[in-house]
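The following pair of complexes shares a single chain, chain A, combined with chain B in the former and chain C in the latter.
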Partner chain A sequence: MNSTVQKNKTWPVIFGILGVIVMILPFFSGPYIQSIGRTVITYMILAISWDMLIRSGQLSFGLAGFFGLGSYAAVLSAVNLHFNPFISIVFAALVAGLIAFLVGAVVLRLRGMYFAITTLALGEIFRIIIHNWTSLTGGPNGKLLPKLAFDGASIPTYAMMVLFALIIIALSEYFKRSRIHYALTAIRDNEIVAKSSGINIYKYLLIAFTVTAAIQGAAGAGFAQLYGFVTPESSFNANYTLIPLAMTLLGGMYSTWGPVIGAVLLGVLGEFLKLYIPYGHLVVYGIIIILVLLFMPWGIVGMAGRLLKKGESHE
Partner chain B sequence: MLELKNISCSYGRMPVVRNLTLDIEEGSTGLFGPNGAGKTTIINAILGLVPLKTGSISFRGTELNKLKTHERVHLGISVVPQERELFPFMTVYENLIVGGQNVPSARDRVARTLEEVCEIFPILKERFEQKAGTMSGGQQRQLAVGRALMARPKLLILDEPSLGLQPSIVHDLFSILKDMKKDVSIMVTEQNVRESLRAVDTGHIMENGEIIITGTADELSNNPEVEKAYMGL
Partner chain C sequence: MSELRTENLTISFGGLTATDNVNFNIKSGEIVGIIGPNGAGKTTLINLIAGIYYPTSGKIWLDDKDISQIPAHERSALGIGRTFQLIHPLEGLTVLQNVMTGFLFAQKMGLKQAREEARKLCRTLELTGLDRATGEINILETKKMEIAKALATNPKVMFLDEVMAGLNSTETLEAIDIVKQIAAERNLAVGVVEHVMGVITKLTHSVIVLDTGRIIAAGPYEDVAQNERVKSAYLGGGV
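Up next, the complex of A and B:
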């Protein structure tokens, strides 16, 4: 048993080292690669946050909603309250988390498809409110930031996103190693038995929903700080829901490293494909996801884990 | 210890438990009866998984009616469900930890309780890394009992523990239950009356949602009606 535990600990370390190398490489390249890196990291953060909630079995399509909400909270707080860029990101996380807490208190009584569709609708409701509240949000024209984080300098903003990603990876790993992980997994496996084992299902789902929405809000805020403007159409874009979901499916669900690997692979591939088939990259995404679901439903990390276990049992 | 006063439950319009009153004392109690008698519904009502139409349930002086399922478990009631109902994708170790970690009074003693449970069921320690869903029926039953014990319950309720198990495993399981009742009160529902009477102090026979016979294990063993209907004698 000890050797198995030892081997299981080795692989996350290898994945971690590889991940750090991939994150460091753009520092030694130009602004274009760093810009791709920032985008990939944004999607990676969203993918990890989506995975953190799906570990409880709750499928959320509300990523774009909280992402957009966070981006607007950051820009509006910077414009109206003169918050500095970093305070505005924290403020956006708090706003998204608070709204998720209030909404979650009601919608977390729903399960399965009902919950998924409600979160999708929530995102759309947020977008419509922002679109029509012209006096505050600028309506369809959006808002401009008076000042970008680090004045938009490429390397510091990339470093900021790397730091952000590392914090979210650490948070996701904390979730995996804490009591929350067992509770969420138990809820996913069998809700009735989870209740009967003393788990306060509602409390744990509300924690997971609030924390993941706060992360999505902070990701939106970070993105707004990088690009300097928000509009309803760009900030609440469905891509912020669908692409992280595809990245997690490719990398493997229920782990931290699945979304990380999925984001790097699909993100880099997407940027490469955009050069040759603009917009066609989404078709390739779709084909990859269909193939993964058909032949590798556990994703890359899950498949690697199974192959490793097979190898160990043959030793 | 556990008092059920005039409780009635139904699924839709169909009554399953009718105005039933039952006092579960400390020690071990059996609730026997054929399929459809209402045994599992009573357990679900105790846990709050089935709403009461009438009556009330209290545990050690605390009324349970308004409490949620997890709050009832926190008071000291643990249930081993009929279909074993483990977390199949979690390992044996994780299943056990979940059992103790979410009950405030048991949380600080998880490591010690784990050792005690592994003393009762040594096979669980050997299988710590194995996924629960891949274990045999008998091992899964042991794990389900072990997980319930991790909560350090005051009352352990087992719903038809012999269901789907071979006779030798059932015999062993009831021997273990007999030993355990020194430390924790046990309520067991069963169709296998002969084997269960070895492990309980008192028993109640149910039919169509009502208690029809109550007595000590000896009294029930010697009751000709019980012998004829439930022991095949």
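Up next, the complex of A and C:
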């Protein structure tokens, strides 16, 4: 009867081991490895948030937009309102979520490619506004963060990012296990059938869009804490859309663990490749996406689920 | 006791009037057949009542409430249930989860209660193997799941859009019994779109005949079948 991957006993073991590695990593490594860990976790959070929305069938290219928005909201609130680093991260999530909630009224009428392109354009609009609003944002030069979380100490910042990731994993699992899962899956499969079962499509899409944008904003704010500054080019970089997407495709869509596995594999591989072929790691990402889509469209988690199921039916 | 009534219900798509001044009603306990040649507007009529389309003019009354302008998901909660001519199971959900959706959203139950109610409903329909994916069940099971999904919304009025299509004669007889039994137990008003006249004669109390969006005849099937306009609609040509 184990028809779903979550019910299987293999995954908790794998993630238990992964969790232990994550926990003891700081004690056996220098700041360099920890900074890689923080970067991977940032991408992991973005990947999970992208997956949470694609579960409703809506393909968003707006990650970098909300990520950049969140990083600016955090830095500007710290500079102008003297928010402490942690409150500024929460503030960034609220700003990104609120803006997603407001534009969602218009954007969520669109579907498929129209929705995808509009979310991409939305990110560009955010970037252009911030680029040109020099008096507030510092324009192309960006802004410096006056005070880093834990004064930039490596281990506590790493721990903060691990905690952040655990919260997002829990949130994603809540989405998978609550009525939201039923609504989003029904919307993805067939909107007319979903409506006929009483599902308010707009309401559930708005929830998913707002929550995922808030996560992306918080991720941007967390990243600003790692680097200590924001510029339009770095904060709104297209990589923050494309890399999480590649990670999710590799790990497997429609689950929490797919993006987690994809982020760890591709993130670690990418940091490693960067040393030998700077920027060439993006080419490798591209090749991986093509190979995954051709030969393993369900990603690692989907593939493993299928193999396990096959094994069971042969018993 | 509920009644669904349409009043001069009309919808035009560009120059094509797919539903043209349709007046009909169904009361609790009645099973009404909706028949007519291909393209007559049978499914369009159901889509209008379910709220997939909004009418160009005319009204839809559920008891004393005009529901013609409210969105589909609210109509589902108010008691309009339906199945689909082209079956679209929710493939990302198991059979049980498919049935749960109506309990969860139209009836606004919690997960646990919805799961129990869905199990109970499937048991009465003799639908088993509920943890399977929708791709793994046979045609009769799929039809039962579709009926269960419609019933899960706790309808007062239920439309079955060619629910017997694709079934063999034994399965069809089973399906007819199921529909009759459910309609009686729940005191439902049922609208049945069907091409097989054997099903219409066994199942319905009366029929309406649609042609090019208009009702051209109504009454017990035996009377309607003798109607010259109905014959010409099916056979083509002028009378």
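Definition applied: the second predicted complex is superposed on the first by the 294 of 315 C-alpha atoms of A that agree within 3 Å, B and C clash if a C-alpha of one lies under 4 Å from a C-alpha of the other, contacts with A are read in each partner's own complex, and residues count from 1 in each chain.
Definition applied: a residue touches a chain if its C-beta (ideal position, glycine included) is under 8 Å from a C-beta of that chain, and two chains touch if they have at least 3 such contacts.
Every value quoted in this text rests on a predicted model; they were computed, and no experiment measured them.
After superposition on chain A, the partners chain B and chain C are seen to clash.
Using the contact criterion defined above for the overlaid structures, shared-chain residue A:132 touches neither chain B nor chain C, since it reaches no partner.
In the superposition on chain A, contact of A:29 is made with neither chain B nor chain C.
With the contact threshold set out at the top, residues 1, 179, 182-183, 185-186, 189-190, 192-201 of chain A are in contact with chain B in one structure and with chain C in the other. Taken in their complex, chain B has these residues touching chain A: 47, 49, 68-70, 73-74, 79, 81, 85-90, 94, 97-99, 101-103, 128-129, 147, 151. Every residue of chain A that touches chain C in the complex is listed here, in rising order: 1, 3, 178-179, 182-183, 185-186, 188-190, 192-201, 254.
Only residues 50-52, 71-74, 76-77, 81-82, 84, 88-94, 97, 100-102, 104-108, 111, 131-133, 149-150, 152-153 of chain C touch chain A when the two sit together in their complex. Residues 1, 4-5, 179, 182-183, 185-186, 189-190, 192-201 of chain A are the ones touching chain B in the complex.
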